[in-house]
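Below are structures written as structure tokens.
Okay, so subunit A shows up in both of these, paired with subunit B first and subunit C after.
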Partner chain A sequence: MTYLKFTRGMVSALALVAGVGMAQAKTDIVVGMQLEPPHLDPTSAAAGAIDSVLYANVFEGLTRFGPDGSVNPGLAASWDISADGTVYTFKLHDGVTFHDGTTMDAEDVKFSLDRARAEDSVNAQKGLFAGITDVTVIDPLTVQVTLGAPNGSFLFNMAWGDAVIVAPESIENIKTNPVGTGAFKFDNWVQGDRIDIVKNPDYWGEPAKLDRATFKFISDPTAAFAAVMAEDVHAFAGFPAPENLPQFDADPRFQVLIGSTEGETILSTNNKQAPFDNIKVREAMAHAIDRQAIIDGAMFGYGTPIGTHFAPHNPDYVDLTGNSAYDPEKAKALLAEAGFPDGFTTTLKLPPPSYARRGGEIIAAQLRAVGIETEISNLEWAQWLEQVFTGKDFGLTIVSHTEPMDIGIYANPDYYFQYDSAEFQKIMTDLTAATDPATRSALLKQAQEKISLDYVNGYLFQLAALSVANAKVMGLWKNAPTQATDLTAVYWAD
Partner chain B sequence: MSTGSLMRAALTNRSLVIGLALSLIFVGAALISFVWVPQDVTTLDIANKMKTPSAAHPLGTDHFGRDILSMIMVGARTSIAVAVVAVVIGMGLGVPLGLAAAARRGSLADEVIMRGNDLVFAFPSLLIAIMITAVFGPSALNAIIAIGIFNIPVFARLTRGAALSLWTRDYVLAARVAGKGAVRISLEHILPNVTNLLIVQGTIQFSLGILAEAALSYVGLGAQPPIPSWGRMLADSQTMISFAPHMAIFPGMAILLTVLGLNLMGDGLRDLFDPRIRRDRR
Partner chain C sequence: MLHYVLKRLVSLVISLAVASLVIFLAIEVVPGDPAAYMLGMNAQADTLAALREQLGLNGSIPERYLSWVTGMLQGDFGTSYTYRTPVAEMIGERLWISLPLALYALTLSTLIAFPAGVWAASRRGSVVDMGVMGVTQLGVAIPNFWFAMLMVLVFAINLRWFSAGGFAGWEQGFLAGMKSLTLPAIALALPQASILTRVMRSSLLDTLSEEFIRTARAKGLTRRQVLWRHALRNAMIPVLTIIGMQFSFLMAGAIIIENVFFLPGLGRLVFQSISARDLIVVESVVMLLVFAVILVNFAVDVAYAAVDPRLRGRR
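Let's look at the complex of A and B:
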């Protein structure tokens, strides 16, 4: 018995020690996410997973997105815009250094912008920089950007992850060793498993509250569920299985964050492939789709129906779901009118996310009900990018376009769904030139209506931002105005 | 042995009777599904998703509101079709190879056939199946081919082994003396005497085929939606197992019972066909 008592005493003593240790707020976090970045240079790839890890944490731009999608000052403390709207003079923050100790000044800004807009640039969003005609260094903390024409969204463009400021000294190895100016420094990347970042003690702004953060890549939804339940990860951004959220919600250990994303989830349609080159066929498909059934069946109710390619939380959004109301009889009539009274067969290529795989099965059933047969093939992301996005070898596909304010993709006739409308392209040219907020708003509404009535794609729903976190983790973004997991303000409550 | 005594032996063999009954239930369900199912499996009814078993849906509904009983019945078709064709491929190619190898024992042909078999045998079969479907695209047809290829060495080895001992028998010697060629002897004297073994092994391979099809569908490489498949039903239910367990339990039970049934049937048939075992039991 003495032995037992002794052991008990030891156990309670240990518990006491442990308890004292626990009382202090944790300063490290493990964040789960589904996709691993292919490399770590946000300025040379379209992969959103790169920004999900590095945006705002490691890399910063002249401006940056806030949690609500607003454009805030970043490395630029302030700016002046010339009366004609073509010259932007940025005043940079003083005393900013890159993680390798080199100074961040106007030369670095010039280098980054010139690199992104260069002829041979591999930037995935070259359009953001297309209007820049000149970048001039006035003094080390002042840089002047001249545009060919006024561009109302220039400051917004500069907030993108593709427009972050990089240094010529560290650009060579940026893909494996990213060196930025952010509140966190890149530490370690174990490929296939995790990326570690640590607090930057020399940060110029408000320092990070965490000392260390780990991004853990878990692609399987079941494994993601288990990892959160076992508290192996403290937060999961973009949780892949919406059906599990009620369980987390009911568990006091966790908090569920449901916000909005910029992800317009659409039934992308190959506008150049017969029979989709016929607007009547596209209109028929639009009426054959029951959005609510897809939201309920694929997303377990999380998502907002959309009738055009625009985020519903944007002030300029127009609800155009009425243009494509669910009406299978009308769909059949339109198909007959288009010359397909017995329907037709096409391909439906689905990338891995559950909105696409499950949504695809539901859409296939809905299209079958009006006579359109689909051959479903499930693709991995790499295959999808190769066959659908680059190869344009598809009839239909389902994908969520998560870039903010990306209605401009419809002005590019070479974009994978190959919509070519001179009228729409004119609206976009006018929009770029317009700086007056009222004119811009009117043009944006016009653009939304144009693609809605041209039935370019099947507009399904706005993807919800679904995150699960430990109940004590504070400061996470609820909404996802851009691809980011901003940890700069995250801390553990006591 | 007369037919009557064989029948009697069959009916008193418990494994055979139970195994046959289980197997027939699933074959029956698959056949019935061609003419009637409780509910169409291609029509979704999202409003009625994940309902627990009730009178309208004896096994409940899945995440799209489809009737699970109907899904299992139609899924049985996929499983059985894949497994049957895979066994036919295995027997069709494996048995002639085995007979040839035995007839030319020790020759170069024998070596080539058997080492080729070893090669196929040595590869992890599921991995190769995944490779085949990854290259040629996932479909039920590619699953059949992948599973079928791995049945070939099983049947070739079995046939060769059994045939080798038969070649030393007196009646084969008599046939050779009578001037019959190797092909004729193989067909007339060897093959009929290995048939029992082949039927037993065929039953086992059939159950393994059903398991392999379920595994391939589970990883998304078998039959593609909207064709129901047991393996994909399990995969779909994976994240919902904690609040809709019936979605995983019933297709899981279907796989379990079918494989169990076929294995019992295989055991029973072996007892029945192998006179030595039967004598021991008496």
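Let's look at the complex of A and C:
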């Protein structure tokens, strides 16, 4: 706090010296967010809010996601991949220090990766590190990672927030005092209210343009609207009240950013529970659903229809919405063919987000129109995880799968929707082994088609990334290729 | 007096013991695994097991109850599952907002209700009385969160006198802190003040129609003297009861208002902790609120005895 006051004092003193009245671009920003991180360790929790604050700002990995979802070099300046695709030799940037002044070197990389894949690891995405068999320090700036089998997604995996590089010296208190290598340093956390980060003057790369950023946590949609309107916050990432966006759009003080996320929103179907074990029933449901009505009704028109479990902004995406075009008559005919001319009754369990709650009501009405009755129950996340995700006690549910490039979940027959297809599993095994881009692309397309035509789940829409900001704030990410609010390039226009 | 206070004290301790058991059991049976919540949809089974072990979720229920209660008696409320910081510390920080907010609202409502109630009662049936009754009827009927949003619209968005929410922090100075709490306190105080005004008025009217008032008047006191010397003191019992109840309501019931104004208070902490299945925090905060309510009721009981000698029992 003393530091804060000191900085403020310095800033105002400088302003005086510079001359009162001289217009200066602001160098601080307040960013609103709906969810507060439970703690500040991105490597030991699934909470997206942790990455939303810290990814790219405070913590960096070997590679990092760009605004378009591409994988770019991060702490690793370059890398070589052995001919068989199993040995990655990373060359690290020189002169990188952690915020506590210690040097970031190959030992820290080894520590981070070994910690994430250890037996007692609590990394929420431990699967990302599953293929690693060995991490060896060659010299302080060179580290060699050996995989058990070639993995075409390895560099992509290393860009996740769960794979950032942490230091053994600061790991003990990482949950309250995160020490990374990023362009911003963690400054202060008032729990329940805000997190402050400040510019890291010793940053190894392109320095941040802002001196200070505050993340303010506002969970209530109405309060979020008021905070932006009153200009208490300068930007709101993941704005929770889409119905208010036209109002901001019409106001010259604000800009509205509409992009895409990695969230495939699906009507998840329990493939092992009767009658959903019958592909005809699943196909019938797919034709009973009018995606556009759901996007309009539940999301106020924001969202892109999808026909498979893949993000439309990805270059390998195939538009398969035609496989499940809205056709209630066909749905009824298919149901009759499957032996349910009078329909059936099932459960529809909805987690808290509005896409699920509002979307659920609309889907229930659409299914009723073809004879399928649903018993809706609203669950909290913890209940949903227990009953649906772990207990697999559900017929239908609506959920957005927000992890990037997660089509691989369909290869796990124990995953909660319990899709078990040897053919699909083979495609995924081939994909993991393939390193040639053309082959990978072809396999990804094949995978999308397979699950689309198996009607595994009802594919609804890609969740939109909705942000509102002051019209003068530049450099914000429009899309959300990962859960991040990368402020490293953000600045105020004069 | 001492006997009376001791009796109240024993009942306070028993209530606390019963409350702790009920709270613990009620919260432990809530479905949902905190570890699963924290690790999300891609967690592997061995990761979950490792985290459950780390959080100490593997002990039996009686064991965990005992360690919770004995910890609390020593001032140790345990460590939050999600935040990984001591619960006592978190509660302490949040109290710095919730407690001043509740006191602020209570002060406002009392400052409004006392004069309004006395004024209306002393001019029963007049335009003033009808006006006060009408306004308070409205105050009781308007939901406070709606009123809160209305105030935000007017004072934060249009007039820009206040920020739309959030807390400036006491380190910015007492006035800055109080300013952040002003709109929330008004929103909280409005229905409370209305209820209190009505109770004050009717209680005073009841007392004014009693025979000892007539005696006092017959003795030659003016209406005003009777009101201030005899009626007011005797009308205080129901008013104190309501103030006591309101304080507990303000402490526990600020959840919605804290969300509307995104204040990092206790109510918001409970709200977040419930959805994150941070059971230890929920248990401790609820226990603390119960403790506060019981303590306030105890204080109110003692205050009764102070204003009404009959309650002191054997002397």
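In this section, the second predicted complex is superposed on the first by the 472 of 494 C-alpha atoms of A that agree within 3 Å, B and C clash if a C-alpha of one lies under 4 Å from a C-alpha of the other, contacts with A are read in each partner's own complex, and residues count from 1 in each chain.
The rule we apply is simple: a contact is a pair of C-beta atoms (placed from the backbone, for glycine too) under 8 Å apart; a residue touches a chain by one contact, two chains touch by 3 or more.
Since the structure is predicted, the reported quantities are computational estimates derived from the model, not experimental observations.
After alignment on the shared subunit A, the placement of subunit B and subunit C results in a side-by-side fit free of clashes. Of the two partner chains, neither subunit B nor subunit C is touched by A:27. In the superposed model, A:216 lies in contact with subunit C only, and not with subunit B. Touch criterion not met for A:146: it reaches neither subunit B nor subunit C. In the superposition on chain A, A:39 contacts subunit C only, with no contact to subunit B. By the touch criterion stated above, A:297 is placed in contact with subunit B alone, subunit C being left untouched.
Look at A:191: by the touch rule set out above, it reaches subunit C but stays clear of subunit B. When the two structures are aligned on the shared chain, A:314 is found in touch with neither subunit B nor subunit C.
Once the two complexes are laid over each other on the shared chain, residue contacts for A:368 go to subunit B alone; subunit C is not touched. Contact comparison for subunit A: of subunit B and subunit C, C touches the greater number of residues. Aligning both complexes on chain A leaves subunit B and subunit C separated at their closest CA atoms by 7 Å.
Subunit A residues 222 lie at the interface with subunit B in one structure and with subunit C in the other. Those residues of subunit C whose C-beta lies close enough to touch subunit A in the complex are 31-34, 36-44, 46-47, 50-51, 54, 82-85, 90, 93-94, 149, 152-153, 156-157, 160, 163-167, 169, 171, 259-265, 268-269, 272, 274-277. Touching subunit C in their complex are the following residues of subunit A: 1, 36, 38-39, 45-47, 119-127, 175-176, 190-194, 216-220, 222-223, 226-227, 229-230, 232, 352, 380-383, 385-387, 389-390, 401, 403, 406, 409.
Taken together, the subunit B residues at the contact with subunit A in this complex read 42-44, 46-47, 49, 63-65, 137-138, 220, 224-226, 238-240, 242-243.
The residues of subunit A lying in touch with subunit B in their complex are 221-222, 225, 241, 243-244, 246-247, 293, 296-297, 358, 360-362, 364-366, 368-369, 375-378.
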